[in-house]
Amino acid sequence: MTEARQDQDPYATAERLLGFPLPLALGPGEPDVGRDFMQLGVERTFGDVWSRPGLDLHSRCLISVTIAAVLGAPQPLGGQLKIALNNGVTKEEIVELFIHLQAYAGATRAVEGYHLAKAIFAERAA
Amino acid sequence: MTEARQDQDPYATAERLLGFPLPLALGPGEPDVGRDFMQLGVERTFGDVWSRPGLDLHSRCLISVTIAAVLGAPQPLGGQLKIALNNGVTKEEIVELFIHLQAYAGATRAVEGYHLAKAIFAERAA
Amino acid sequence: MTEARQDQDPYATAERLLGFPLPLALGPGEPDVGRDFMQLGVERTFGDVWSRPGLDLHSRCLISVTIAAVLGAPQPLGGQLKIALNNGVTKEEIVELFIHLQAYAGATRAVEGYHLAKAIFAERAA
Amino acid sequence: MTEARQDQDPYATAERLLGFPLPLALGPGEPDVGRDFMQLGVERTFGDVWSRPGLDLHSRCLISVTIAAVLGAPQPLGGQLKIALNNGVTKEEIVELFIHLQAYAGATRAVEGYHLAKAIFAERAA
Amino acid sequence: MTEARQDQDPYATAERLLGFPLPLALGPGEPDVGRDFMQLGVERTFGDVWSRPGLDLHSRCLISVTIAAVLGAPQPLGGQLKIALNNGVTKEEIVELFIHLQAYAGATRAVEGYHLAKAIFAERAA
Amino acid sequence: MTEARQDQDPYATAERLLGFPLPLALGPGEPDVGRDFMQLGVERTFGDVWSRPGLDLHSRCLISVTIAAVLGAPQPLGGQLKIALNNGVTKEEIVELFIHLQAYAGATRAVEGYHLAKAIFAERAA
């Protein structure tokens, strides 16, 4: 590849971006192969893309929030909003993202996602 | 434009359709530019489209519910169902909408959305 | 059921709404069970919902166009636009639907779908 | 049709697959035509497709889980996961489905859906 | 509002971003109210969001491409890719966006969208 | 991991499943980092999931077709249909998949996808 190959420690990258270490234990009743889901998940996201130098971290944060917001996926959106706010994206930029999203993806997704953003703003203000 | 330009008081239109005034205050931790999100949101929906004479209110209600139901967006869907029931769409017509939606958008979205409609029927029957 | 049960002749309903009879022959290489797909398809749409009296035809046309437009499904959207225009929905109402859709589902889907509507307007004007 | 026509007792099929009988009563405030929604819903899913012999039950379970997971529809997804686990799909196969889904539908939907699967594994392990 | 109000000349902004003026004439058979769809469309996108100072142009381009790519909307995606390449986003950054999209939105949307990006790269290389 | 780690030669797996080798050359105007998109794409799909033993090939084919059909992604859907037909899924099973999809994802996506399946049946019958 022309860019840096896969991140050597995706779990460290995840912890750095999220602000806490990813829980690694299997849940109750979860089969052993659940570890593969977790490992591939971490490698394919935190390992594969976040450390690639060809696109800056700020842009990656905005893209990740946008994907979750367009899909209307609340739990992932919450996670991406936290990563963004932890890593240099301002609250004002988050609001602007949702204003932009409203124009192109519509009020349904924008209002739904912004409602979650407001909850995270409140959480972080407490 | 050939049609009436933008609604002069989208907040009044919102209140009329929803049955209550929209909350205008910023949430805790929400930056000032959050007022822009709210204002553009209200203008682009309640201001831009609901008062346009070229399509009747009953049809607009049905279209708005359909959009939220196809997207599977629970909070917006709840809001649109309430607007519809407040503004002349009967409960029977709502049920028919979900029967029609099931054929074209499938049981997954139809059942998910109808579950929410039933909760709103129950709330309004109490 | 409290409403009229399934349409007795969905193929006749389809022909009435579309303006032409549905092609019934299997395509080259299509297995015999393809007839089941066609038959269930016609029954579940034209049979199940269009003749139900609880929601008027005009509303059903608008709902069907909206579903296809929100999903961004070009071929079905073209079909629903033709059904709508054949059955009392005016071109002006179609334009209004896309203006409404833009607010709630965003410019991406609205512009994509309206482009198709314009092609159908042109086709019908020729 | 070349295949067995519609299931003669879709409510029995539903009960067999779900492990419990479907609730049939109308909810508070739900109009009578809500029975049509329920009846058509049961017929079009449990009646129309699950008993068709041309595709085995195991495959149908996986397809149904996949549809709900790609759409990101939590309540339907929970229902389909339970049907799958009740009817011969192993927990390991469910995990593999989400690993496969992550590659093709992305981490957003895969993580969101797998979170629900873990909750169901836990519920069934209690 | 705390930010600059709506762009004073959205048609000029559109032309600047696209590299060509938007066609304003109605299509054959298109009703007069089609001008409203065009005008509201231009105002709500080029007017409302692109000139807002709270989020830089580079980020707005990436967000717009992401929205269209997640939705799988080919014509809008082509337009946003051209706007991005016209306005400082490099081809390398576009490729990185699709690598990032693949992780979070999956190979289905990433491959579909990247295929279009390659066509635009080829067009611009000719 | 409890399962076989990543496929050692994803390009060989791709060729085996598709029936032809993947084109590896960059397109005109495509930057060098386009090789990373291709390589990660092949590794994350053909490498990561198809060879994992925990879910049989037949099921994986059906899941892949379902994902592309629910998303309404024509080019990927065509590719997955060909992989399925090349690898033991019968045409009859494909038809059954679309009948099942119609119930749960609706006629819009089912008809759109089945139209593509018919084109592939015709192509393979010629």
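Per-chain residue numbering starts at 1, and chain names A, B, C, D, E and F are given in the order in which the chains are listed.
One rule holds for everything that comes next: contacts are C-beta pairs under 8 Å (C-beta built on N, C-alpha and C of every residue); 3 or more make two chains touch, one makes a residue touch a chain.
What you are looking at is a predicted structure, and each value in this text was computed from that prediction instead of being measured.
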{"item": "Set of chains adjacent to subunit B and to subunit F", "value": "A, C, D, E"}
{"item": "Chain pair equivalent in interface to A-E, over half of contacts matched, among B-F, D-F or C-E", "value": "D-F"}
{"item": "Shared interface numbering between subunit C and subunit A [over half = same, under half = different]", "value": "same"}
{"item": "Centroid-based (C-alpha) most distant chain relative to subunit D", "value": "E"}
{"item": "Subunit B and subunit E: spacing of chain centres that average the CA atoms, whole Å", "value": "27"}
{"item": "Computed distance of Cα centres, subunit C from subunit B, in Å", "value": "23"}
{"item": "Per-residue overlap in subunit D, given as positions that touch at least 2 other chains", "value": "33, 36, 40, 44-45, 48, 54, 67-68, 71-72, 92, 95-96, 99, 101-109"}
{"item": "Touch-based graph of the chains, sorted into line, ring, star, complete or other", "value": "complete"}
{"item": "Residue ranges of subunit A touching subunit D (in the complex, touch as defined)", "value": "27-31, 33-34, 36-37, 40-41, 44-45, 67-68, 71-73, 75-76"}
{"item": "Parts of subunit F lying in touch with subunit A, wherever the complex brings them together", "value": "1-3, 32-33, 35-36, 39-40, 44, 48, 54"}
{"item": "For the subunit B and subunit F complex, residues of the former touching the latter", "value": "101-109"}
{"item": "Sites on subunit F touched by subunit C in the complex", "value": "72, 90-92, 95-96, 98-99, 102-103, 106-112, 114-115, 118, 121-126"}
{"item": "Of subunit E, residues touching subunit A in the complex", "value": "44-45, 48-49, 52, 54-55, 58-60, 62-64, 66-68, 70-71, 92-93, 95-97, 99-101, 103-105"}
